[in-house]
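Here the structure is laid out as structure tokens; the discussion comes afterwards.
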Amino acid sequence: MLTVEGLRSAYGPIEVLHGVDLEVRSGEIVTVVGANGAGKTTLLHCLSGTQPISAGRIQFRGDELTTVPAYRRLRRGLAQSPEGRQIFTNLSVEENLRLGAFLYTDERVERDMQDAFAMFPILREKRNLVAGGLSGGQQQMLAIARALMGRPHCLLLDEPSMGLAPLIVAQIFEVVESLRARDVTILLVEQNAYGALKIADRGYVMETGRISMTGPAAELIADPRIREAYLGI
Amino acid sequence: MKLSSKWVQLAALAVLVAVLPLFFPSGYYYRVGALIFVNGLAVTGLVILIGYAGQISLGHAGFAGIGGYACALAPEHLGLPPSLSILLGAAISALLAVLIGKPILRLRGYYLAVATLGFGILVSMVLTNERALTGGPDGMAVQGLALRKILRGWGWRLSSGEFWYVMSALAMLLGVWIALNLFQSATGRAMRALHGSEVAARTVGIDVARLKLQAFVISAVYASVSGSLLALQNKFVTPDIAGFMHSIELVTMAVLGGVGSVVGAVTGGAILTLLPQVLTVFAEYEQLVLGLVMILVMIFLPRGLLPSIAAKMKGRGE
Amino acid sequence: MSLLDVSGLGIGFGGLRAVDNVGFSAEPGEIVSIIGPNGAGKTTLFNMISGVYLPDSGHVRLDGRDVTGAAPHRLARMGLTRTFQNLQIFQDMTVLENVIVGFHQSESGALLSDLLALPAARKRSEIARMQARELLRRVRLDKAAEELAGNLSYGALKRLEIVRALAMQPRVLLLDEPAAGCNAVETEEIDHLIVELAQSGIAILLVEHDMKMVMRISNHVVVLDHGEKIAEGSPESVSKNPDVIAAYLGAGDEESVDADS
Amino acid sequence: MDALLQFLLSGVTVGAVYALVALGFTIIYNASDVVNFAQGEFVMLGGMITVFTYQAGLPLPLAAVLAIAITSLVGVALNKLALEPARGAPVVSLIIITIGASIFIRGAAQLIFDKQLHRFPSFSGDQPIHILGATLVPQSLWVIGGAVLVFIGLWLFFTKTLTGKAVLATANNRLAAQLVGINTGWIMTLSFALSAAIGALAGVLVTPITLVGYDVGVGLALKGFAAAMLGGMGNPKGALVGGIALGLLEALTAGYLSSQYKDAVAFIVILAVLFVMPQGLFGKSTTERV
Amino acid sequence: DIKLGASVSASGPAAFLGDPEAKTIEMMVDQINEEGGINGEKIDLVLYDDGGDPNKARTFATRLVEDDEVVAIIGGSTTGTTMSILSVAEDAEVPFISLAGAIQIIDPVHKWVFKTPHTDRMACEKIFSDMQKKGITKIGMISGTDGFGASMQAQCKDVAPKYAIEILSDETYGPQDADMTPQLTKIRNTQGVQAILNPGFGQGPAIVTRNKAQLGIDLPLYESHGVASDGFIELAGAAAAEGVRLPGTALLVASILPESDPQKPVVTAYKAAYEAKYGETVSTFGGYAHDAVDLMSHAMKTGGNDPAAIRDALEATQGYVGTTGIYSFSPEDHLGLDLSAFKMLEIHDGGWTLID
């Protein structure tokens, strides 16, 4: 579904991704774990087209994605719930969700919105309020819901559990699993590595801009190096 | 910014000031030099306000007007020597800055811009309308500085152009020195911090309102002194000195050169002062070229001339 | 008389009572955790205690002095400071400068001495600079000291915010989700740092969704839901409270702690 | 009494001129947070192009449409050639670009056209309309009507259409806008075209009253900016109300206090309003959670 | 070659004045050079556009004397720019002919400074004497707040008592204002006003004239010499401008001047040349520049390349016939015009008519 080869990217003169190879197969949940500053967020932004890449290529559902502008990638089926939420703070919760489905004008939009409200009832309560007034966790829910409104084939999640209460974290992981059932492929970046690896099929470990390890999630959980460096066990 | 870089920047400026006259083919160049320094002084003040503290002003020419007219009016009505009138103007400007700064500095961004704009317009309107006092739109004459005569008494014969070149350069260097001191000081750092995040600045104990006011007052004094020097060397002053266009010109100079850096902003001032002099060759196309230069600089050097160039060189070095 | 005493604090936004009649106190060296579902009012409570919002009912007392509604910078000078859930970093300043700003109170003197770079001002700055470096070393950010703060990754910025607050040598420190965005190992480091701070006599208020951390280090836990305090007590007692389990922790307490590890 | 009415009519007429300029600011501001100081030049172009094409023999309506179309193109060009290449630059830099563009357009206009003042005939003649002893020229009704129509159009655009929302989203968070599939580049193009068109329309409507010359833009932009800030930047309602309020303030001051200080009084009132309402009359305060 | 310097406001708010001035200066110098120059020497013109900014004007003046080393200067479209150039010219001892109106330029007399336009004070006097003839004693005044309007307003207030004229209402408008009905309504509602006087230039007077018609105010309207051009009638509209009176120069009425008028050949020649070259109608302001260049070139014929000699020759000029009037300078009078140079004009059927 998604293939990344030799991806390099830089902020100004400083390169932070030094040739990343990665693959996500259709219907999989794949997670990327790594320390602060490893480049996980940068990688996702490269995939979404919001961060320029200096070398390498990205293929998505058989098509070349490398040169497709960011705003066209959702049309191709690639959505992201970005780090730092990036909601539209001046617009209402409902407008945020509606813009998530910017590409669509059919009646399914309304149904998707109801689904989102069902998933996060608090958003229904706050639908007419300015999104900037939401609490941190509520904004995180909104960001995830907004990404789902784009009806992605493949969803990129950047630390979706950040700032969420334990109950909701558990719920998010359930949602992720249920999305797979709906044929949505997931690339999940998480600091909660244990939780992520538990639901993932495969995992990648990223260290300072490179993939240092990869394998089935179960194997990674069992790997002592990973347990020590990322799981703190 | 390293500790020594303050002295490097100051020394570079001072050397430039001292060496340039060797290449001056005529007295007119002293006049242009003096104008550059006078503008550089006002722009340095704006760097403190805009670049450090992150507050915009579209009305600083108002303070220049106060400084200018102080030098025109105080000698005539109060019998004050022009040199002291500069201080009087600065004091009035500072006082006014406190009075209007207190209410309007609560405003942000464009709202602050329009409030300062209003202040500038009020000043220029008073200068224009109070004809009996200020001579109205046609302006009024200003007494010269006695210092030049005194110097002559000591056998130091300077032409008016040379004299003002030296005076303005000294004033600007002093202003730049102070601004660079501020940059590295606790106050300057706090100003830049509030630029980044007001809430965070507050929670580390910075009195944001007071700090903004300090920046506003300091920059007002810079503008005032610059206005005084301009009036004194022109021996004439009109309300244009306080006009909206002058305010915009000053801000443009600051941004063009790089509003975060004192020396950059002074460079911006130099360019915008020189450009019209160079462009007289294309008289018809002057505005066209001027506008184009502004656009191109901002496109290719979005953080202003000096900082952008510095960043580019640094990038290449790495 | 406690070091920090909060009583009956409340605030509303439009029709919503975001925090209602919340009270607790904290002693030097104590770690008080505030937990609760998303939108329970934890950050809002912090905003009121630190003077960012003006509460419409209740009191905040510091050393017995009523400081309700005092400006944040006044509170900071009295020794109360905080970090932010949504990062508030001085983006265009270097990492080192960010920390030096934290030393503002001890560093700043008369404006004139700053303008003229008098020796006294230079000396104060030099001291602040050295101390700032020391602090950066403590959270392993000393290598990045000269970088622009805006270029750091999220986790690094979180740590930077904490040391900036430490620079003030606070007596009361409010931490809003300090471990968010950090992996288990990094969380543990922050964990140690907080315990260390508490041991040095600072009263710490902690908002955090990482239950493992909360249970491990708190002396006292306050639980909010819908703006109201629904429980408080020792970590053990709170974690067994059925209301808390229902509202926040979820059925399998075990599991959620597990998921966080 | 008839004097008061006359002052009010004058105020509304002038206010509608300011409102039209202020409305022009809203779209670009809403799309990019940039106050486009070249907005006044769009007004000037609208007037000047109409004057010259009309003098060249085109019927007035056609000349006006042509002027609006050409000015829109200028707006698009301004975005494509000057603002887009500078994307990512700080907002002050973008503002300086618009000031540079304003100088540039003025310089070009003085070369292409001339430095004289011009006007073309009023749309519905110059026979004044008498209302209770006060008078109004028919062109004032055109200007007022134009302002109201543009306001309604913009209000519908921003509250009822998805494209309008996309414009707001682009300014609010460009990154997120791209992530939800908004072509932010196109949104900017659209915004500049619309803003320029509104500016040009203003020029077409007001020229029979205010006259037009290559350098009328600065003054209009200044007043329009003040009006927009009084009402609250970005809000069409604010632009309309702010413009009319500013016009009324000036007229009433000129009528009852001092014509010399009418601009001063207007600014003092603006300062007073901002003191109480730091976001202007209808501006939304941005909610920034920490 | 003889170097002649000029600094006018060809752009900016005073472009109205400066644009025709610049064009005229260039045209005249070309003409002189084509005809063989001054005593065989060509005039080398250095022309700057100060944009109406006094500070820039001073810089250009400095540049003219110090860098370009000109022997004489023409320019200063506005009083503000003139005053800036004035002190430079005085210091450098270079003769300077100003193109601005205010009386303070030549009163007191500065040794090196001359000017060609009438003073605004003379315009007031001309208008008031016409009012006197019509028996008007009480007027309302509405003036622009720009330099031109404000200066003339002050002068008119000053000389009004001399003509037994009382100014009952004194209103102003800004240079960019779009509607003056409030001010005019106030004047209309002032008891006893018999006529309205509007010192100003640019778009203001045209709008005042239109607004007066809109309000149906039936009082005589006097405009200043600042609007003396055909453009004004076009902008104000022939209907609204009907009956407006103003003091103008012979230039405006070139075609209807009697053959006997000594200015007739001068004004017709200038008008023909200017309109042929630039395709736009002449204005009074271009006429000021015409006279300045002409006066200067005459003085250069005797003074050659020597600033002091040129100055002396200028001061000795007697009976020179220009577009603005007939100049006779003296050490006490560096304007050299009297009221007779002004003609009272009235707009009738969209054209100019001579009153006296």
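Brief remarks follow.
For clarity, chains are labelled A, B, C, D and E in written order, and residue numbers in each chain start from 1.
Simple rule for what comes next: contacts are C-beta pairs under 8 Å (C-beta built on N, C-alpha and C of every residue); 3 or more make two chains touch, one makes a residue touch a chain.
These figures come from a predicted structure and were not determined experimentally.
The chains that touch chain A as well as chain B are C, D. Steps from chain B to chain C, taking the shortest chain of touch contacts, total 1.
More inter-chain C-beta contacts link the pair B-D than the other of B-E and B-D.
Among the other chains, C has the CA centre that is most remote from the centre of chain D. Taking the mean of C-alpha positions as each chain's centre, the chain lying farthest from the centre of chain B is A.
Annotation: 42 Å between the Cα-based centres of chain A and chain D. As a whole-number value, the distance joining the C-alpha centres of chain A and chain E reads 73 Å. Chain D and chain E have centres, each the mean of its CA atoms, that are 35 Å apart. Centre-to-centre separation between chain A and chain C, using Cα means, comes to 28 Å.
Residue positions of chain D with contacts to 2 or more other chains are 110, 260, 263, 289-290. Counting partner chains per residue, chain B shows two or more touched chains at residues 129, 199, 286-287. The set of chain A residues touching two or more other chains comprises 14, 133-136. Those residues of chain A whose C-beta lies close enough to touch chain C in the complex are 11, 14, 33, 35-38, 41, 83-84, 122, 129, 133-138, 140-141, 159, 162-170, 173, 191-195, 198, 228-233. Per the touch definition, chain B reaches chain E in the complex via residues 25-29, 31-32, 35, 128-129, 131, 136-139, 141, 160-161, 230, 234-236, 238, 240-241, 276-277, 280, 283, 286-287. Looking at the complex, you find that chain B touches chain C at residues 178, 181-182, 184-190, 192-193, 195-197, 199-208, 214, 218, 260. Listing the residues of chain A that touch chain D in their complex gives 48-50, 69-75, 79-80, 82, 86-91, 95, 98-100, 102-103, 105, 130, 132-136, 139, 146-147, 149-150. Every residue of chain B that touches chain D in the complex is listed here, in rising order: 50, 56, 103-104, 106-108, 110-111, 113-115, 117-119, 121-122, 125-126, 129, 199, 244-245, 248, 251-252, 255-256, 259, 284-295, 298-299, 302-304.
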